[in-house]
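Per-chain numbering from 1; labels A, B, C and D assigned in written order.
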């Protein structure tokens, strides 16, 4: 059994516990907390009643590390890097669910996150943990930067089309609709029920930090600099991100050809489902699961391709992908603990 | 008092009753129905308990017309035109909440609605009832085509920028997020609670009938043919449409300049609120009201302008706009019966 | 015009502004705040854009009082009483939306609210502002204790049956289902969207402070001590309280007789609607309105009467009732500014 | 592998497929349908994409039976019994998710379901499939009547207290709040999104068919006739039933004693979790899982006990319990395929 430590006790931490509760090869041995020290984690998240005996604990280094083979870090940016450094030094494999290791360029990170990077020497070592693009790199690393939730859906949706030259890279627009759980569990005015329910709003238009994260990977894919317009929206639901992606077609294509390109690209990726003709993704179909559904509509009238992707932001967009990366890093089957359908209705 | 007849008994009809219940100059004298003949309308919609004595009745012509000064028609397309013709002949002013009179071009209507137009001779006579663009024409007509819900938000959002040459008309994308009430009250699989809740999906991508409606008006505004990419989405809420609109800027502009262009354009329009810098619209702020909120973000990095508009699809997107048109057609103050804030939270 | 001052800037304060924006005889001249001093209230609550020019201000006494004829106090318990005392001394009529003046017995207040009452000498002077029971007293007072949201629905539901001897007072159970807006706008863990959505839970079972408030009034009605079992629940909606009330019938009755007793009791009360046979209340029918809907089902099998009431907790359960009390205290028609239907759907 | 056939293609059928997709010992070999004949079930319910190859088929007897070891019947009452009879004759074990075999008394069934029972001779043979009460009987039967959703939560909540004499059986009130999925997938006016969202209502007060089902089992438990007041409510969520149960205590008890009685009663029942002191159930904690959470509050003031239970109506209230019964009927571990936590948030 892989002994897993988790730093942080919010929704992604709960979700790691939920997923690892049924994982055949890993189990959670400790969860660090600030607010819930000494409190049963099954009381904090009562869905776990009967599935964990762990209580929140203050992080103690190196004591905590000694009990772990792998460490998930679910902390705000800036706090993960120093911890990761120590864990790596102690021989532990690290998966960071935050932003500290997502950028290769220290400058890009520091520009968008308004802070000095605490461990820039690790940026080269870190692998961007999107297995569908970087599976082999993840297998070989001991430091994985788990992608952001919006980037996961956007990059999976754009990569096959961009890599195959279908789209003009200067015309890309990503319009994403997200459930609120991505904002975390800390109560703030904008995420209380009465402000979210029966409401939809755009936020951080053109300045959301997931924009440059998407651009970094798409630029690698396209082999040139790619700038996108990225607009996230909050809609009244808990889980799920639907990304509607627009780009100008480099040439006319049939729907069947586009679909074939996507199917081929994701042939080895068990969690990406390219939907059959006439079906478009919806978030509820991937609710609580690690799947990403993709559909596409080429529009001859306007010469554009519309791509739609759906993920659960807490699973494929966070903790499920983290477990997928854990599996790869430890040589396990990629689907261990994740091979179940979404909850519908 | 203006005596108002209403044809149809769905949500837009309920909403007309709700609004006219507090209108100083108009009252509902009859509602026609198929399923609720003889049933108190206050039982069908119990929010109206104490506010109406009307019961559903079978439409009888010309009897029904004799009791009315104005007729609202809330029927599926194809059914309104013949009725409108008879009502006009009886000297009644008509506001059609459906699509029969929205297109000047019979061919466009017949192409998108897959049917023969029942009264093409009226198309010239009809005015597209978006008062913010065609206020004077509405004042003079006796046949108003009430705009679609998506077109209302999209056209109000794009017109000032397009009219002032700020945007390249070949780059326009309208991504709309709608509550479910736009789908009406007839039960179908896709609008039952369990299929909508915790779910978001795109539908009719590139082929929604509101696309050509938007294009028709924008082409008039731009003085040339305009094609757009229009993608409607259903999100888990009852009321509201947020439209996120993208276009390439013809030249760099400051946010303040864009805002000033919009403020100037809507100076005489009491229901359009151009929000102050730093504020973006959200649908809950216009919930149940006839207002349209507009915000904008020019993005220097990508050279695009992002415009966001919010309306209540049942009010400014349907029945409220219809009452606004009624006011204009009868020489009343435009805000009669509509001058109240949205319900928040 | 009655000049109205409001102390506090949460949801009930927003709602007072929304209602008074269309009130023919009153207008808001000032809103005090702690967090939003100097901020336009229409920015804090953007539904009010175009309907108020007031900005939040620090409360300054006696300056603030000099501008007001009436004062609404929307503060946590314990803070209202000292303020009310000063306002009364300045000749201002006071409506307290909190708990400070709801109890005649200082001991009961201090027992349930765990604090010393700051102005017990005012308890005799205060009137419990449920106009349907105490209309005349409200007309004559200058200090009204606006009832709690749960008590409003429970007391309106039980009073006619209890007053007429239909029910055994020892068997009363009130099971209430409430939207979350009653918890206010301050972000706390239990009211963030992800904790409320797709969830329902009971809270404060047997110990909610609205229990003794209900008991105080029902005891007056019954002419003897009444104890009830009261269980509030949070359900995933913003507004509305449905109370399902159970009691053992003192004698067999027909539904029509019960209905007649209720109709007679509320004959002079414009906001209470006793629904026709076969119809039961639902909260959406009173959404955003000041109405209370009541239905009842006598059950011969079990010998019990089930009464169901629906209100909007922010309107009839708070700010609407406060405006209704304002109307009475200033000799205006009871329905001024409140005479509109709920928003459905 | 146990070969499973499913009759019906609504939500409970989807849920059986979702659960059996990860079951170690059973797999679905056929699904009968009326509306989806020939359609991939993974298209009907896209969460199953990649998890089933089955398409809807017309039921053909005996062909369909020959492929099955077990049959789940998810049909409206009256239709299941004839089918069950044939399946039993063919040597197949049957689990009926409807009402046809839930009553021992043919008269009670016929009285409440307004129909003649199609196979009354089977009523003696059928076992009421609530394993926590009738585990051994289920193990030995080949015909299980899967309990109704409301009865599951109500009976699990009341049985220990009633069996131990804690409660006066003449004072029982069950007030249940349910998500809408229990109403099924067929579109009807009362379950469309706009009628459910931001709304709560009671329905079938005193006359819901699950009332006598609860009474039948409680009467067995109490050893005397038990009548209850049962009020179901629809609240705006998809899954989950919270039942708040009231009864007069036969004697004063401490919370700890009540809890101990419940813990002891459910000692062998892996899916029932009696929550620790100070915690009350909420439906989201059991979302998508087969668990039932129970909490209790004795109220000294009123002499009543309040019991609260939470289940997912589609899992423990339907398909999960059906799989649990399948496990028992085939001698498998009771938790096979069901041993995972709920999805929270």
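Convention: a residue touches a chain if its C-beta (ideal position, glycine included) is under 8 Å from a C-beta of that chain, and two chains touch if they have at least 3 such contacts.
As the structure is a computational prediction, the values presented were derived from the model and not from experiment.
Asks: Suppose chain centres are the mean of their C-alpha atoms. Which chain sits farthest from subunit B?
Replies: D
Asks: Would you say A-C or A-D is joined by more C-beta pairs in contact?
Replies: By number of C-beta pairs in contact, A-D is the larger.
Asks: State, to the nearest whole Å, the distance from the C-alpha centre of subunit A to the C-alpha centre of subunit D.
Replies: 36
Asks: Quick one: subunit C and subunit D, Cα centre-to-centre, how many Å?
Replies: Chain centres of subunit C and subunit D, defined by C-alpha means, are spaced 39 Å apart.
Asks: Taking the mean of the CA coordinates per chain, how far is subunit A from subunit C in Å?
Replies: Comparing mean C-alpha positions, subunit C is 45 Å from subunit A.
Asks: For subunit C, write out the residues touching at least two other chains, lowest number first.
Replies: Residue numbers touching two or more other chains: 11, 181, 185, 194-195, 197-198, 236-239, 281-282, 284, 287, 345.
Asks: Which positions of subunit D touch subunit A when the two form their complex?
Replies: Interface residues on subunit D, with respect to subunit A: 11, 14, 18, 21-22, 43, 45-51, 181, 185, 197-198, 238-239, 270, 273, 275-276, 279, 281-282, 284-289, 291, 293, 314, 339-345.
Asks: Under the stated contact criterion, what part of subunit B meets subunit D in this complex?
Replies: 11, 180-181, 185, 187-189, 191-198, 236-238
Asks: What residues of subunit D sit close enough to touch subunit C in their complex?
Replies: 171, 173, 175, 177, 179, 194-195, 197-203, 205-206, 227-229, 231, 233, 235-240, 242, 244, 246, 280-284, 287, 297, 299, 301-302, 304, 306, 308, 345
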